[in-house]
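Below you'll find the structures, each written out as structure tokens.
The two complexes that follow have subunit A in common; it is paired with subunit B in the first and with subunit C in the second.
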Partner chain A sequence: MTSILISSDNPSMGKAIARQVGEALGYDLVGDALLSEVVGTTGISKRDFEKALGLEGPPPRPGRGMGAGLVALQAALTERLLGDNLVVDGLGAHLHVRGVSHILTIRILADFRSRAHHLAVDRKISPRAARRLLERRERQIQQWSLSVFGVDETNPSTYDMVINLGNIDEERAVKTIADTAGDRKFVSMTYSMKCLENLALADRVRARLVADFPGVEVGAEDGVVKLLLAKRWFGWQRTVETLRETVGKVPGVDGVEIHTAPLTKREGEADMTGS
Partner chain B sequence: MSTKLSVLILDDEPIVGKRLKPALSKIGCEVETFVDPQKALEAFDEKGFDIVVTDIRMEEIDGMQVLERVLAKSKETKVIMITGYAMMDLARSAMSKGAFDFIAKPFKPDDLRRAIAKAAKALGSSVSFDEPDGETA
Partner chain C sequence: MTIITISRGSYSRGKEVAEKTAERLGYECFSRDVLLEASEHFHIPEIKLVRAIHDAPTLLNRFTLNRKSYIAYIQSALTNHVKKDNVVYHGLAGHVLLKGIDHVLKVRIIADINDRVAQEVKREGGTGEEALRRLVSDDQERRKWTQSLYGVDPWDPALYDLVIHIHRFSADDAVEMICAAVGKERFKATPVSGQRMADLALACGVKAAIVDAFPDCAVACEYGNIVIYTRKDDRHTHKLEQRVKSLSSELEGINTLEVHGGVVPPDGVV
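Take a look at the complex of A and B:
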């Protein structure tokens, strides 16, 4: 079992490649339909999701709105990824699902000159102005992805494979991706499934908490959820009890740890209020 | 292949083999444990095993070398890698070299039993694995 995440600096091009890869491998495509499901459950418009994912208009400023929407989308996405053989088209999946060895991440680049040409025609601006606009947007996207997700979307090392459609035709790109997906490196294993299950559980908990506790950071390992609270505030004990009760009801949670120190610190160094 | 699945467990920490042996015997495997990779490979050369479970980080001969040597001798053998230093690159590298599964330590005996059951199925055999066990190895 392997899954493939495809993202692109030109979403319609990424979508076309994702669809063809899905058809070539017989994998299910996850994209618009999942987004529509989340739009239906959250009541947030598709356009707002696209903005929040940096797909339309200038990238949103970190921490501005859409927190609940993104968390809901991420939870729905990781839940789906627990299933077999999928191709994910966009959805910011490449920024969220990291370090899962059976997931192949692909970046499709559209030809820069052609993008600049189309932008110049669309906006009735000079080719030089269009190029500058595109370069500025790339810098914005880089800053945004780093500050929101801690990942540089423009850095090739973020991906397993980057394909420039300015140099490689679509058919060849699809074949290359499909061939690579067959590599044993991308076969699921106990370790990679655990990584994914941990992420999916953390996402489920995050989705449950985001409305009342938007600032809580969530990690999960083998059914044990670790919550990181930025500070102790008035009514701390009650907050801890509420968190413990709320999180304890999330399916798959076997234990809850509440920390006020970074999750990256060793257990012994963390200030735990109980487990 | 004998009726019972033969499993070789190699880990330079004796406690690992000591704890895993009964866990795998419980599901009908015939288990031999080793702490010395050289002795484990000699035993493998002599007897052959259906499944090898090996730690990765060991002195002198590491788990990746064990994987290569086992598969060079017997392509049918399923090799399951276990490590306390699991990372994506290492996992991919092990799978690419032919590992059957890769498990991060600490793990529950059920995780290994599940992997053994999968390996047994791939070998056209089966083990009686059904009940979950919460213990951690």
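Take a look at the complex of A and C:
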């Protein structure tokens, strides 16, 4: 019982590998269908989601509207991951779901030269210009992933394994991933499931709050939700009551703790005296 | 018939992975031996070679003749060693020194920084902070070295066929994955890739023989036919031609030797 997150610098190649891994293991594939569901519920276009996930065009700066879309997608994703035995194709899952030991994260790299060649042919530009374009895009993706998720997507340490399809063929890559997923260390355990449940709960709460309280940081542990607000503002007491009431209605929430921190402080340095 | 290069940082357990892989496949495993061979063959103290490939060059000595020569010697020793195939090399820069050879499986082993710090503290003592500083500095030295000499970032995963993060995976898991990957036809030596390896070894041998006197020349080899490129003028080219005449008798496998003066060397030459 495990789940596999597959991402790639070439989304169509990542999709093909994810589909084949799913078929090999008999796992459900989570990808486009989930995105379509979230598109339906949020009203944000699929194209905007693809842009926000760095799949099309230069990755945008995270704005409030798109932030809400991403939060909704993450909530839907972690909810689905609680089901186990899934292969997730992209969706930024590898950047969001971290520290869950039964989830295997794989990065698939397409051959750089062949990508540059295809880009040069598609856009009718020189191979050198195509290479520069790809390199620039990689830098943008790196900045975007760091600013939105605090994780460098281009750093191999982000993944359990990186497979370069320049020399390793798809069939071997699929077999390697499928064999690895069968390893006992990727079997879900009570603790790893608890970590995932905590993340899913935090995501549910974040999705509920993002429209009215976009700046609130959310964490969860054993049903207790911890909210971290950047600062106290006018009407604080009423805000606290509203937050308690709103969060208390989210399924799975047993308690709410609200903490504050000055804007310059980070989460670990927060004033944890509570309110 | 395959060559496996394993790139690793300190305390990444890459050495253990290399040794176990070699044992499992019945391959030869080597690293420092290349330096010893280069040291013996070219009569250079091993410590000078170690410094040339370990310490990142400063701005002043980045292009010094000695460093260029030492690296040419090491590359010559390495290509000469691996051309017999069925080897696992886990020394520095195998993935760049053996660039362009199809039957080389390039693997990078990375480890969790906290695990590495714990290992460093256990071995060298001191605090975790000091250990972290030492590891970061060592990583940066290695990174700068590869960047300055070859213009590539060794941390770029695109340089490798497989990057394995030793954290949740054990060294044995990594061995398993490498052995499975190497079993594919793609990494078996073919007559063409074998010839390319022999040509690379020969080109590196020629470069090592002339680098002291002609540090700016570049060497290409195809089917034993050597072409030496130099950007310098006619007088320089003439001197080079004189030196080159004696090479056929010094190195085995050379069919023809040509010198092209005033030419910008193409990509892929050594």
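Simple rule for what comes next: the second predicted complex is superposed on the first by the 257 of 275 C-alpha atoms of A that agree within 3 Å, B and C clash if a C-alpha of one lies under 4 Å from a C-alpha of the other, contacts with A are read in each partner's own complex, and residues count from 1 in each chain.
Throughout what follows, a residue touches a chain if its C-beta (ideal position, glycine included) is under 8 Å from a C-beta of that chain, and two chains touch if they have at least 3 such contacts.
This is a predicted model, so every value here is computed, not measured.
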Fit or clash between subunit C and subunit B when superposed on subunit A:
fit
On the chain A superposition, what angle, as a multiple of 10 degrees, is formed at subunit A by the C-alpha centres of subunit B and subunit C?
90
Examine A:146 and indicate which partner it touches, taking first as subunit B and second as subunit C; both and neither are also allowed.
neither
Touching A:155, do we find subunit B (first), subunit C (second), both, or neither?
second
Tell me the contact category for A:194 with respect to subunit B and subunit C: first, second, both or neither.
first
Counting only touches as set out at the top, which of subunit B and subunit C does A:109 meet: first, second, both, neither?
second
In the superposed arrangement, which partner chain does A:166 touch: subunit B (first), subunit C (second), both, or neither?
second
Now for A:240: first (subunit B), second (subunit C), both, or neither, which partner does it touch?
neither
On the A-aligned overlay, A:224 touches which partner chain: subunit B = first, subunit C = second, or both, or neither?
neither
Can you tell me whether subunit B or subunit C touches more residues on subunit A?
C
Could you say whether A:101 touches subunit B, subunit C, both of them, or neither, answering first, second, both or neither?
both
Regarding the shared-chain residue A:184, is it in contact with subunit B (first), subunit C (second), both, or neither?
first
Once superposed, minimum distance in angstrom between C-alpha atoms of subunit B and those of subunit C?
5
Doubly contacted residues of subunit A, that is, touched by subunit B and again by subunit C:
101, 183, 185-186
In the complex, subunit B touches subunit A at residues 86, 88, 91-93, 95-96, 98-99, 101-104, 107-108, 111, 114-115
Residues of subunit A that touch subunit C when the two form their complex
101, 107, 109, 112, 154-157, 159-164, 166-169, 172, 175-176, 179-180, 183, 185-186
Which residues of subunit C touch subunit A once you look at their complex with the stated criterion?
102, 105-106, 108, 110, 112-113, 155, 157-158, 160-165, 167-169, 173, 176-177, 180-181, 184, 186-187
Looking at the complex, which residues from subunit A come into contact with subunit B?
99-101, 183-187, 189-192, 194, 222
